[in-house]
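Chain IDs A, B and C follow the sequence of writing; residue 1 opens each chain.
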Amino acid sequence: MTQSLTLDSISAHYGSTQVLENLSLAVGEGELVSLLGASGCGKTTTLRLVAGFLQPTSGTITLGGRDLTRLPPHQRDIGLVFQNYALFPHLSVADNVGFGLKQRGISGDAKTKRVGAMLDRVGLAHLADRLPAALSGGQKQRVALARALVIEPPLLMFDEPLSNLDAKLRIDMRVEIRQLQRANGTTSVYVTHDQEEAFSISDRVAIMHAGRIMQLDTPEILYQRPANAFVARFVGFENLIAMKVVERDGAKITAEMAGGIRLTLPLEQFGAIPDSFILACRADGLQVTDNAAMEGIPATLGLRTYLGRAYQYQAETPAGALIANGPLTRPLDAGVTAKLVPVPEQCTILAPEAV
Amino acid sequence: MTRNIHPLLIAGTVLVFMFLVGPLIIVLGAALSDTTYLTFPPQGLSLRWFENIFQIDAFRRTIFTSLQIALLSTVIALIIGIPAAYALNRHRIQLPGWLSTLFILPVLVPELVLGFSLLKNLAVQFNSPIYLSLLFGHSLIVLPYVIRVISASLASFDFSIEEAAISLGSPPLKTFFTILLPNVRSGVIAAFILAFITSINDVSISIFLTGPGLSTLPIQLLAHMEQFFDPTVASVSVLLMLLTVAVMAVVERTLGLTFLAK
Amino acid sequence: MKRFAGWTLAFPATLLIVVFLVLPVLATIWTTFTTPAGPFATYLSFFGSSFRRTVLFRTIQVSLAVTAIALVVGILTAYVVSRAPGWLKSILIIAAVFPLLTGVVVRSFAWLIILGKNGILNSTLLKLGLISEPITMLYTQGAVIVAMVYLFVPLMILTLVGVLESIPDDLIQASASLGAKPSATFMQVTFPLAVPGLIVGAVLVFAGSFTSYATPQLLGGEQVMMMGTLMYQQAMVTFDWVAASTIAAVMVVITIAIVAAMNAVARRLNPMAT
């Protein structure tokens, strides 16, 4: 039933503007892969290409060995869940869910049975005769899901399906979507701009930017070991500091940043470190201390904001403006000179590039 | 977006558009004919029938009357229609529901009935000048255009801008002229032009409100057609089509022609 | 204070409509009930005259035919126009707007040239040898219907393009993704969603045809008299103003009844409301 999806060197244009550049992506059988990125990154374009609403200028799309590239949308057999649900307003819940079956020539008892079973699974059996206008946002979303699932497609695609729901419902629904997807084992592509949503629901996440996939990995790896500066910033490494190794000494190295500031970094935490590298730290990864004896980046503190679990400081350093956190027990005022001490667990090493 | 449309449908559409444009091209051709009778394709090209329009006194007079009535009735409709549209959009909750029904009556009531009623119960009953009935009749039939177009402009107007101006010390009436009107200017222009062309082309109201001494161009055209079969009418038609082209250019620049498909 | 503001602004328009439309039209209708012969005498005489009944039924018949043809032509054309690529769509909309903004006299006149005894159609058919002598096309019901279809098709196309474009693309795509062929999508999604708009368009065309004057006058003449031309004739040729008022009243009642009924139906059928 379930099949793997392959996009091979896909390029796409809107008029003369290139929106996808040589994009390749493989989604394994039963896997859920999210396309994550800001608006305009190409994630929705990718989905629309697979669905057949857009044609790529080059490249091929295959689903379970079947070449989809030139197939019209209605022959692709893909379950789609739309951002605005796209429920047919003139059809009842049951007729919405049964629409795809009807197109496949399934009617009468067989259709009623499958629609009923599907509505049971999403908990909407009691609303079968309602029109979509009479449903709440969450119920509409469930109908949309049921409508896409009931045709038992080899591939399911979600286009920002939860963005019109309130925060609480969004969390419930994403659990529900994940459970249904797991239970059916349907290969899925999930488009979203919400990082938490993508990370929580996916087997793997493709972070997209300017029509390219910047990194495709499991949420854990993306979060802890981003492959490049873009992804690092995207997953919350606010501070990127260019450094050069000046001394290697067994288990640790000494490296220097702008202004001649030196730090000692343990290899045990970072693995191999190239001679020239970028130290990427979350705000939590730079601890503010007014203990002048500590080794760290000397800084003049600026605005302090309260985060609940810590204080956050805007700090001026020889390596530029950085963001660092300090303990609640010791608030420091603007203008104070302090040290920013890297916490290796909250930092990572990136290959040098134009930052 | 894939657009697979059945070839038969496309062929049908081509035919429909030939049906729409063809007759007007025929009128254009007939107007250019050098013959004294109507014919198509034109035999010998000539502009003499255009000159003829202005040699016929009745045409000269009715063209002038039509322009005058169209201009005046449009201005009247704008002066009373803009505040009405504003009230309907801004103060809708305070106004009774029947008011919006009242405002669509000029579309709902057949124009012939309106024209006849104005003649019978205003011009004749009160022995008032027929010109007055003609003018207010035209104002009435163009009023819905004004209200509709201005309402569409106001729908995209952010009334908080107006509140911002008032909070900054601008008096309401001044705010109307300095803030609101400039922002719906394209709507006003489009409303003007659509109202104007509607008035110029009107037959159904005017047919009852014209007579000896007062006539409009379309009524004169009808009368001329019943007596003569020469290309003069075609020439006048071409002039009116040129006016249409000008109107379309203005609408395109202000509202966009797709507005008319709403 | 604010209530006052709304009323003040709407007042001039209200006054114009009441004084120059509501009162004169009501007065016209009123006089039909106050003839010396009794309140309904004029209506009895209207429906009692077989000639006037014929005119009424002919008018309904012609209006229905025009509406039906305009609907079919309109929906199919509007469908193609709404799916056309941007530049072509603009051209097609211009081609529909142009006749719409051109006056009814000019547009009816065009058919006078085409359908006349020595008109283009006759001379072409003669030249092709399909007929041996000119056939009478003017002053027939067919001529009136053709010219009226011509009059109202642009309106229908533009109305329906607006309706079709207001149907969200998502729904069409959802339908395709569920396996519906384009024709199935049209029949099961597009068309049902366009029905309220179709009704609005139909009402516009029907009411327009039912109360038209210039086209039946030019292309129908005395032979194909319709309500509008009959009313004019009664009022301005025979000066029977009571009879003309009766026709006016019948036109008002039928027009408003149809518009009101269809509005109610359209509102009930519109699933996108609420």
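Convention: contacts are C-beta pairs under 8 Å (C-beta built on N, C-alpha and C of every residue); 3 or more make two chains touch, one makes a residue touch a chain.
Keep in mind that this is a model prediction, so the values were computed, not measured.
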item	value
Distance-maximising chain from chain C - centres being C-alpha averages	A
Between the pairs B-C and A-C, the one where more C-beta pairs touch	B-C
Whole-Å gap separating chain A and chain C, where each centre is the average of the chain's CA atoms	55
Distance from chain C to chain B - Cα centre to Cα centre, in angstrom	17
Shared interface positions of chain A, touching two or more other chains	52-53, 72-73
Touching two or more other chains - residue numbers and ranges from chain C	182
Shared-contact residues (touching 2 or more other chains) in chain B	1, 4
Of chain C, residues touching chain A in the complex	168, 170-171, 173-182, 184-185, 188-189, 192-193, 271-274
For the chain A and chain C complex, residues of the former touching the latter	51-53, 72-80, 82-84, 86-90, 99-100, 102-104, 131-133, 147-148, 151
Contact set on chain C toward chain B in their complex	2-3, 5-10, 12-14, 16-18, 20-25, 27-28, 73, 76-77, 79-81, 83-85, 90, 92-107, 109-114, 116, 118, 120, 150, 153-154, 157-159, 161-162, 165, 169, 182-183, 207, 210-214, 217-218, 228, 231-232, 235-236, 241, 244-245, 248, 251-252, 255-256, 259
In the complex, chain B residues that touch chain C	1, 3-6, 9-10, 12-13, 16-17, 19-21, 23-24, 26-27, 30, 37-40, 76, 79-81, 83-84, 86-88, 90-91, 94-95, 99, 102-103, 105-106, 108-114, 116-122, 125, 136-137, 139-140, 143, 147, 172, 197, 200-204, 207-208, 218, 221-222, 225, 233-234, 237, 240-241, 244-245, 247-248, 251, 257-258, 260-262
